[in-house]
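A short worksheet on the structure shown next.
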Amino acid sequence: MPEVIVPIGPHHPALKEPVNFKVIADGEKIIRLDLDLSYNHRGIEKAAEQRDFIRVLPLIERVCGICSHSHTTVFAKGIEELMQLEIPLRAQYIRTIIAELERIHSHLLWLGVAAHEIGFNTLFMWTWSDREAVQDTLEEMSGNRVHYGMNEVGGVRRDLTPEQVNAALVRLPVLEERVKKYVDMVNNQKTLLVRFKGIGKLSKEEALKYGAVGPTARASGVDYDVRRDDPYLVYADVPWNVVTDTNGDVYGRTRVRIGELMESIGIVRYCLENLPEGPIRVNAPKTAPKGEILSRYEAPRGELVHFIRTNGTDKVERVDIRTPTLANWTSVAMCLVNQNLADIPVIVAAIDPCLSCTSRITVINSDNKKEGLINFDVLRKRFRTRYQSPERP
Amino acid sequence: MIDPITLDFVREKIQDIGTAEQVRSNRIRITTTPGRIRDVIRSVQELLSCDRLLTISAADNGKTLELIYHLTGSHRMVVSIALELPRDAPQVPTTSDILPPAGIYERQIHDLFGILFQGRSDLKKIILNEDWPENEYPLRKDWAPDPGTFYGGIKGERV
Amino acid sequence: MIDSLLILVYIFLFPGFLFLITYALILEFLDRRIAARMQHRVGPPFYQPLADFVKMLGKEVIDPDGVDLPVFDAAPLIALAAVMTAYLYIPIFGSSPLAFQGDLVLVLYLFTLPTLALFLLGWLSRNIFSALGGIRAVTQMFIYEVPFFLALLAPALMAGTWSISEIMVWQQKNMWFVFLQPIGFVIALIGLQAKLERTPFDIPEAETEIVAGPWTELTGRRLAVMHLTSDVLLVAGSALIAAIFLGGPTISVPVTPIWLSWFVGFFLFLAKTLFVVLILSSIKVATGRIRIDQLNTIGWKYIATASLLQVAMVIVINYLWVSS
Amino acid sequence: MSVISEMFHNLLSKPVTLLYPIEKVPVPGAFRGRITIDDDKCIGCSKCSLICPAHVITMVENEREVEFKDKKLKRKKKPRVKLFKCIRCGLCERHCPTTPAAIYLKSELSDSGTDPEAVVT
């Protein structure tokens, strides 16, 4: 069959978010791939430069829906370090609890979506119904299911009452037992194994070379985890360990994510049980001294990096947000070449892309074939002639 | 985990190429000139065993444009290489062949800051949509959004 | 005269098309409800399939550019007609009045028409997704068709007849084929699941890869008719498997008064088709979609050889039985 | 075959879905819902309208005798919130000098809509 360009995206049922793959396929085999992302670039970095430290947090939080707490924590942690501000221990514990709960619900969400990509809708329904327990806990603690608004420069905005702590502790064992059931399901459910094993293989050298981050890299044996390499909040004194795997394919990433799920449940239980007493925030000064910092954080999808530069005023001079999915695009494009057309959604879902974070376009190894891009006005004109012209009813 | 590299170990490795200072317990910042960025990166990769590029961040401090390459390795230290570029014709040799992930970050910085990376074939638009006017770089300090070009006009006056 | 009137009633009214369409909608509802309950959801109300059908009929029919419209309209209707006529040869009460020697082959041939219609729709609608979907539909058909036919050929061999009704009568005297040929029963179920393009085998209509495969460009009444075809195929297919493997609408002990046997027969027909649909929907819930090349290896390596083994066993048993 | 056993276990047990219009969604106590203003406690200091990230709080003229930290004072202004533009971040409640805050988020569902004139005073 001659080379066929199969446009998967930007509005494609597999990816609930606007990414466009112009896949050049020969029959079912993929030869080349153009990735076209930036469909919801909102200029958050420019907008953040016009807001003071109190009003910038709701904006930074809205970079991404699923990892909103990650963005506010990494930003607040950076600003506090620039201000040499030591936030109370209880606030650090609460931040860790919310961060790990967010990791749990993000990984459960991913497990469901990955199963849906291969048509196994039952696991999608089950994982998402178990995820409700985590969402309810977060809603009780922070007042909202998506944007928790827990963070503030100088600490945490809401305290955890003993009832909330007990309600959360009661839900954890149920969740743990459900996750054990998923572990055993992923290990011996035939269609899941057949569709996950050996797909989108990424060797350790390739993962390092193409800069993969988070579970995608750890599944290929790359032993990087910011929570242990550059410890922040209370990860240094909470007993947990980094989950890595060796087989580097979608199956390996699933095992790493489920392993991390178990670790996160352990961390949340530890933090909830010995939550120290004390204040939950410190009055932060209005302005931050001149300086710059690279604040790193382990978001559910990988290593999130904020480069923050302040110039003594109460506004940030520059915040450069590099999201984990952006770092994973190079490696996913490498995995996709000469795989099956049917595996694109699974491989792409394996890096758990969060498009609203990354909003960047990457064009990977497209040769010099000239590609005409229709710009918006031409599209509008063509639309007008086509549908509203007189002879067409 | 091999032992973290110390400041003078870094200084001794890169005496002629740039100056280094210890910014934080596990951060070392090297400042160098745009011309020598490629060999600084190569030396940081081999001598300081940094195998991963975290990100390339760009900033505009009013006078000049700055580029900072952040690398890390199994020693868990972050080595940042900073360089300054003139505002009018910022040029820097590309590093996407040595560090493949740099391809994305360079394209992004080119779109938002207008820094030209020499030696790259496909420097097409990466962030902004196709019909964004040429050489308008939104993240520069001197660029202000002009309401006339908003899609669908301004959404109601923000009081 | 009365006899031909009765035949007309048989074809059009009670066990014929009217009942068939309502039963198809009911079975679709049951299938979706059982699948939903297994996924811990509530599932649609009983009138949902009818509501879908009526709504789709009312929707605007969008003709894709440069498509050969007459064929595009005719294909769904041909598929529906084929499956409905196939249904008439399947015994509902007792043996069906239209039965003749060789109606099993006719029914199996008529069952393949919907897949061909899907391929035609996919290829005609000049859209990359549906073209790919159409090709996948045909490749999938080549894979499951051979074992499916062999699985249904084996009972005919053992019963020594080509008519479904006579196979049913044969089973009434001896044992049901599900006990005699369990491998054949399993392969027939897999074949039917693949023919209906349901989850382990919904590769042509892979929702997450190629939008909706051949169904992409179908809108309005075409989609309604094609959707009804797959429902009717569900009824006819499960009725065929019930008739051949589970003894159809009869029970081993003959029921004396004729009208009571019809009544019991009809009830047994409903029960057995429901049982087959229950198995199909639990297969649908329990598995994820496999790729077309994996289906190829599994199809030819395991399913085809198993069906050949089954036919060989039947031939051997026949030979021993006949000689003894 | 844990999938099969789980499936048939679910088949017999009650489905998990909450039938929303019939059964009410349980809203936890700390839920940040509809924005409300407690008229007799607000001292009109317009801190909330300054702090609001979405700029949806405007101050309107409103004279009233108000008691604040056991002192009587005459208030001249009062906040007015565009209900459907409010992003419910709770910063106004956090920075309101009165205790408990005069402008706060009630813990009941704030309905959604597009009409720009819907305000809460």
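Chains here go by letter, A, B, C and D, matching the order in which they are written, and residues are numbered from 1 within each.
As a convention for this text, contacts are C-beta pairs under 8 Å (C-beta built on N, C-alpha and C of every residue); 3 or more make two chains touch, one makes a residue touch a chain.
Just so we're clear, the structure is a prediction, and the values are computed from it rather than from any experiment.
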Central chain (by mean CA position): A
Chain at maximum distance from chain A, centres defined as averaged CA atoms: C
Centre distance in Å when chain B and chain D are each reduced to the mean of their C-alpha atoms: 42
Gap in Å, rounded to a whole number, between the CA centres of chain C and chain B: 62
Distance from the mean Cα position of chain D to that of chain A, given in whole angstrom: 28
Where chain D touches two or more other chains, by residue: 3, 7, 16
Shared-contact residues (touching 2 or more other chains) in chain C: 38-41, 285-286
Chain A, residues touching no fewer than two other chains: 122, 126, 129, 189
Sites on chain D touched by chain A in the complex: 2-3, 6-7, 16, 28-32, 51, 53-54, 87-91, 94-95, 105, 107
Residues of chain A touching chain D in the complex: 51, 54-55, 58-59, 122, 126, 129, 132, 136, 139-144, 147, 149, 152, 157-158, 164, 181, 184-185, 189
Of chain D, residues touching chain C in the complex: 3-4, 7-8, 10-11, 13, 15-17, 19
Residues of chain A defined as touching chain B within the complex: 38, 41, 43, 45-46, 208-211, 224, 229-230, 292-294, 296, 303, 305, 307, 309, 311, 317-318, 320, 322, 326-327, 329-330, 359-363, 366, 368, 373-377
Contacting residues of chain B [partner chain A, same complex]: 24, 26-27, 51-55, 57-61, 68, 70, 72, 76, 78, 80, 99-101, 103-105, 107-108, 112, 121-122, 124-131, 138-139, 145
